[in-house]
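There are two complexes below, and they share chain A, which is joined by chain B in the first and by chain C in the second.
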Partner chain A sequence: MRMPKLLQKVLAGVLVLFVAVVVTTSVISGWNLDRLLREQYDSKGAALANDIAAASVETLLNRDASTLQSALDQSAEIQGVSYVFIVDDRGQIVAHTFVPSVPEAVRSLSGNRATTTIRDVHVDGLGDFADIAAPILGGEAGYVHVGMDRAIMANQIKSAIAGTSLAILVVMIALAAAGAMVVIRTVTRPILRLTDVAQSLERGDPYRPEALAGLSKQKDELGQLARVFGDMAAQVKARETRLKQQVEELRIEIDQTKKAKQVAEITESDYFKSLRQKAKEMRTVRE
Partner chain B sequence: MSKPFFPFGILLSMLLAIASCASPNPPAPPIAKSARVFSTAPSPGDYVIGMSAAFTGPSAGLGNELYRGTAAYLEYINRNGGVNGHRVVVRAYDDGYNPNPAIDNTVDLIQTDDVLVLMDYVGTPTVTRVLPLLKKYSDSRVSLLFPFTGAQPQREPPYDEFVFNLRASYRDETEGLVDRLVSAGRKKIAVFFQADSYGRSGWDGVKRALAKRGLELAGEATYRRGTPYSASLGEQVNILRKAGPDAIISIGAYAACAAFVRDARDAGWDVPIANVSFVGSGSLLDLLLDSGRQRGKDYTANLINSEVVPSFEDASLPAVREYRQMMDEYEPTAPSELTGGQYKPLKYSPVSLEGFLNAKVLVAALGRMTGTSGREALMGALESLDGVDIGIGIPITFGPRRHQGLNAVYYTSVENGRFVPIRDWRRWAK
Partner chain C sequence: MAKIVSIHSFHGGTGKSNTAANLAALMALAGKRVGIVDADVQSPDIHVLFNLEEDEFDKSITDYLCGKCAIEEAAYDCSRALQLDGEAAVASAGLYLVPSSIRAGDIARVLCEGYDVNLLSDGLRHLARCQNLDYLLVVTPPGLSGETLVSITISDVLVVILRPDRQDYQGTAVTVDVARKLEVPRLLVVVNKVLPRYDLKAVGQAVARTYDAEVAGVLPLSEDVIGLASGGIFALRYPDHPLTQRYRDIAAKLMAV
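Coming up: the complex of A and B.
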């Protein structure tokens, strides 16, 4: 099946539009997702930090650091949590989940005695984090820091948006392809048929009304076009026939005039006149 | 359509581009639930001991050697009529030194296998996570005997009542190491430790020991649990070297600790490096000797080890003589279904000696069970052990308020490719 140029253009335009729509939606939903995820991750991290802070009081004051470490290790397994560490009342890190060592960028982070604080931290070689600091015993016993990975968030947003965009695009392409098929069937094909018939007329082939028989029965504009085209072809045919006849008649007329003229030319000639004079004289002499 | 038209080409490439950024990081594979293998099929009337340990992975040497030592002594007992006519068998599961499988294994051992007692667990991160389970099952009176870890949680309330410890604690080991190193003039001590509760336990011990002497940690660096020997630990070496310590105490597993020693020595740093008992000095030495042979280099100089059992070279101890004889005679191995057939056993090692001593104390307690032979009776029997001689020159005593059997720490270093007791610390004097 041929894909007419006009249809190609229309479809290309539609697809460009689709892509523009998808990109716009992606950007907007990306922005929204980022905001929502940030909020969600931050509140998840804050809840975790507060939990650990509440649970650590007794451990921090009474037990060895391995019990604390065990709790941190479990917390660090939670999705999105990159690191957890506890700073004691003397500002010393008594348990952490870093390998191979605590980065300087987080070592210097402080907390607020009254409330859980959230701030963005960049650690060279590790990435970007939201550092959430919760006070233990109002800061008297130290602080819990939970690092939520911003990269995981970004990846989630990316994959979510890419997933949606992909789905939208696939659906749109399917729709566009289906639309193209329908358009080809209902619009383009009759036009092509008409074009073919017109071309055959152009070549001077005889017009065969049956070539457009089915199409002419359609009740839409295309049917009307086909009917008008059929009428037009018929009229053109009739006019042609009439013209041919007129030409024929004219030719006969011209032939008679020509003959008369030739006769006149002969009869008007001096020779013929003298001949006629001689004949007349001969008839007169015999009398 | 006979003629492809252009937007599809463009779209295809766009789709591919989107798809490529759509693929998120592959999710971390879940830790496989360990193979569930019975080491010995028990028959009715057997005393069944439940064990969960690392039989595979970078710490496979610990589970395997501990099992072998215990199996050697139990084999001897079973061949000689068992304990009061009962065979003693071990049901062992592999946890690969990971907490979650260890928890699953423990639940199965208690609920499904209905074992008499748990014994020979390996590791701090695993045992500290199992402890709350024991508390949860406190009605069923199941206790954990002689875990292969020196961490504090099972030595302190609320969990100490469910656990009997034979070996000295990491606090004992680190205190001893710090004491001897500082006495030798090495006051700047740094810690290389596993980033988990085990490493932290040792870090805590070193810190406490230093604080007692008015000192602070000179530096610290961590590594991730499960780090293989093939990994580079150069970064950790650099971090610690910058701190300029006089000595390093390593709290880790043998693969990573051996890699750390290798990388430090390759960097031309000959600082004394001390490891604690959990490292499995036999497996550590094996790796370093192997690398040494391959590269024509000595990686065993300036290595110090603290151990919680006597040297297996010390044939003056009856238990060591028995151990060597039974290991030679029975050549016990963990079932290949458990190890994957990959493990190459060590002839003797402190770890298998510890497993052997664990079994001796267990059998001593089993023999004392009176009346019913249930879990509670065993606990009572253990708590009644008073000054029992297991052949190491130190009597074993447990009691209702005393669940710690030994506090002795032994120190060794490598001479001629084997660990031998340190007699004189002055060689490390500074």
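Coming up: the complex of A and C.
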């Protein structure tokens, strides 16, 4: 079944629409996921930082480095945690999980005595992190910094969205195909039938009202169009037939005898004869 | 040397004046210098088509034939009629009308006294030389009177116009025979006022067969022409009308060798 140009145009438009919808959905989802995950990770990181802060008071005061280190290492294993380090009240890094050393960007991060602070940090070569700084003993003993990996978050978002978008696109295409089938059946087929009848009229084929009978019965605009079209086609055909009947042969009858007599009356007069003579003279003069 | 074209019909009412005016205008638009003479003294009407008001012209062909003036005094320059909507006419072209007098007295005198037929032929040639014309269209009176015969005699082309009407068929047959006896160099037939329901091409072929002559054109009866009601020259008023194209085709045949 050929696909009419009109339908092609409509489908192309619908495809553009779908792509726009999918893109918009993806962007909104991505934005929402980013916000939610951010909240989750940050609160996770904050909770961890606070726990470590509380737990390490004694160890810090006792300067028990190895216990501190193993506590930090354990924390760094937690999903989403990139690094953990502790600074003392003088800003010196007491313990950390960086390999091999603490990056410059991170070294300068300070803490707030009153509350746990969260900020976004970018470290060249390592990526983006959310740094959560929790005060130990109100900042008297120093700060705990927990770095949550933003990259993991970003990847999670991407895979979630990709999956969703693909699913949406597949569903929409399926719906569009179904929709197109419906449109073809109800609209373009009748239109094609009308154009077929119009073309056959143009060629001069006899007009067959049965061709539009089914369509004319429809109660919608297409039915109306078919009825009007049918009336018009019948009129055109009738007019053509009338015209064909009227193109008569032009019959020219000349009474030859009468004509000969009339011609003779003119040409046999002396006047005409002298005119003929003059004609020869006039023509030679003019040459 | 100007070519003299007589536009003739056996009966009146065939559309001679209208056809002649349209042909003259189209030939002028094609760049030719054209003169048109209303020699149909009995029914002066060409000046109406050219919108030449009765008080705008005081000399006519009638005056010339009565010896009252020189023929060039009765020729009026109508080339301004050619300028339409900014379309400039070809600079060298010209359109001159020698009208016929509408004064009843003049008409009666010419009809009664007749005129020296050589006068007409001399006058026409003189006019053609004066205005350096390429073509001089002479609309003759209907029928084959002496004056008409002279006009036909000195013509290079005779255009016979007829309607698809029994009277015209018979009359045209006589005209064609007489014209051939006068050895007119070229004879063209134009069928005018044909009802549109006829197949115009078939009509042309039937007429050509009947008179064994070249049919220059078949012109359908047009409501648009009747609507214009001699208010102007149809071909100038409706340059894109199919009828105007038919006039153009006839003009082209006239201008061909």
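One rule holds in what follows: the second predicted complex is superposed on the first by the 155 of 287 C-alpha atoms of A that agree within 3 Å, B and C clash if a C-alpha of one lies under 4 Å from a C-alpha of the other, contacts with A are read in each partner's own complex, and residues count from 1 in each chain.
Please note the rule applied: contacts are C-beta pairs under 8 Å (C-beta built on N, C-alpha and C of every residue); 3 or more make two chains touch, one makes a residue touch a chain.
Being a predicted model, the structure only gives us computed values, none of them experimental.
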First, second, both or neither for A:Gln277, with chain B first and chain C second: neither
In the superposition, chain B vs chain C on chain A residues touched: B
Which superposed partner A:Phe98 touches (first chain B, second chain C, both, neither): first
First (chain B), second (chain C), both or neither touched by A:Ile252: second
Contacts of A:Leu243 with chain B and chain C, given as first, second, both or neither: second
Which of chain B and chain C A:Gln199 touches, first, second, both or neither: neither
Which superposed partner A:Thr267 touches (first chain B, second chain C, both, neither): second
Which of chain B and chain C A:Ser165 touches, first, second, both or neither: first
Which superposed partner A:Leu15 touches (first chain B, second chain C, both, neither): first
Complex contact set, residues of chain A against chain B: 1-3, 8, 11-12, 15, 19, 63-70, 73-74, 95-101, 155-156, 158-159, 162-163, 165-166, 169-170, 173
Partner chain C, residues of chain A touching it in the complex: 243, 246-250, 252-255, 258-259, 262-263, 266-267, 271-272, 275-276, 278-279, 282, 286
Chain C - residues contacting chain A, complex: 1, 121, 125, 144, 146, 149-150, 153-154, 164, 166, 169-170, 173-174, 177-178, 181-183, 197-199, 202-203, 206-207, 210
Residue ranges of chain B in contact with chain A within the complex: 1-3, 5-7, 11, 14-15, 18-19, 21-25, 124-125, 128-129, 151-153, 156, 171, 195-201, 203-205, 220-224, 235-236, 239
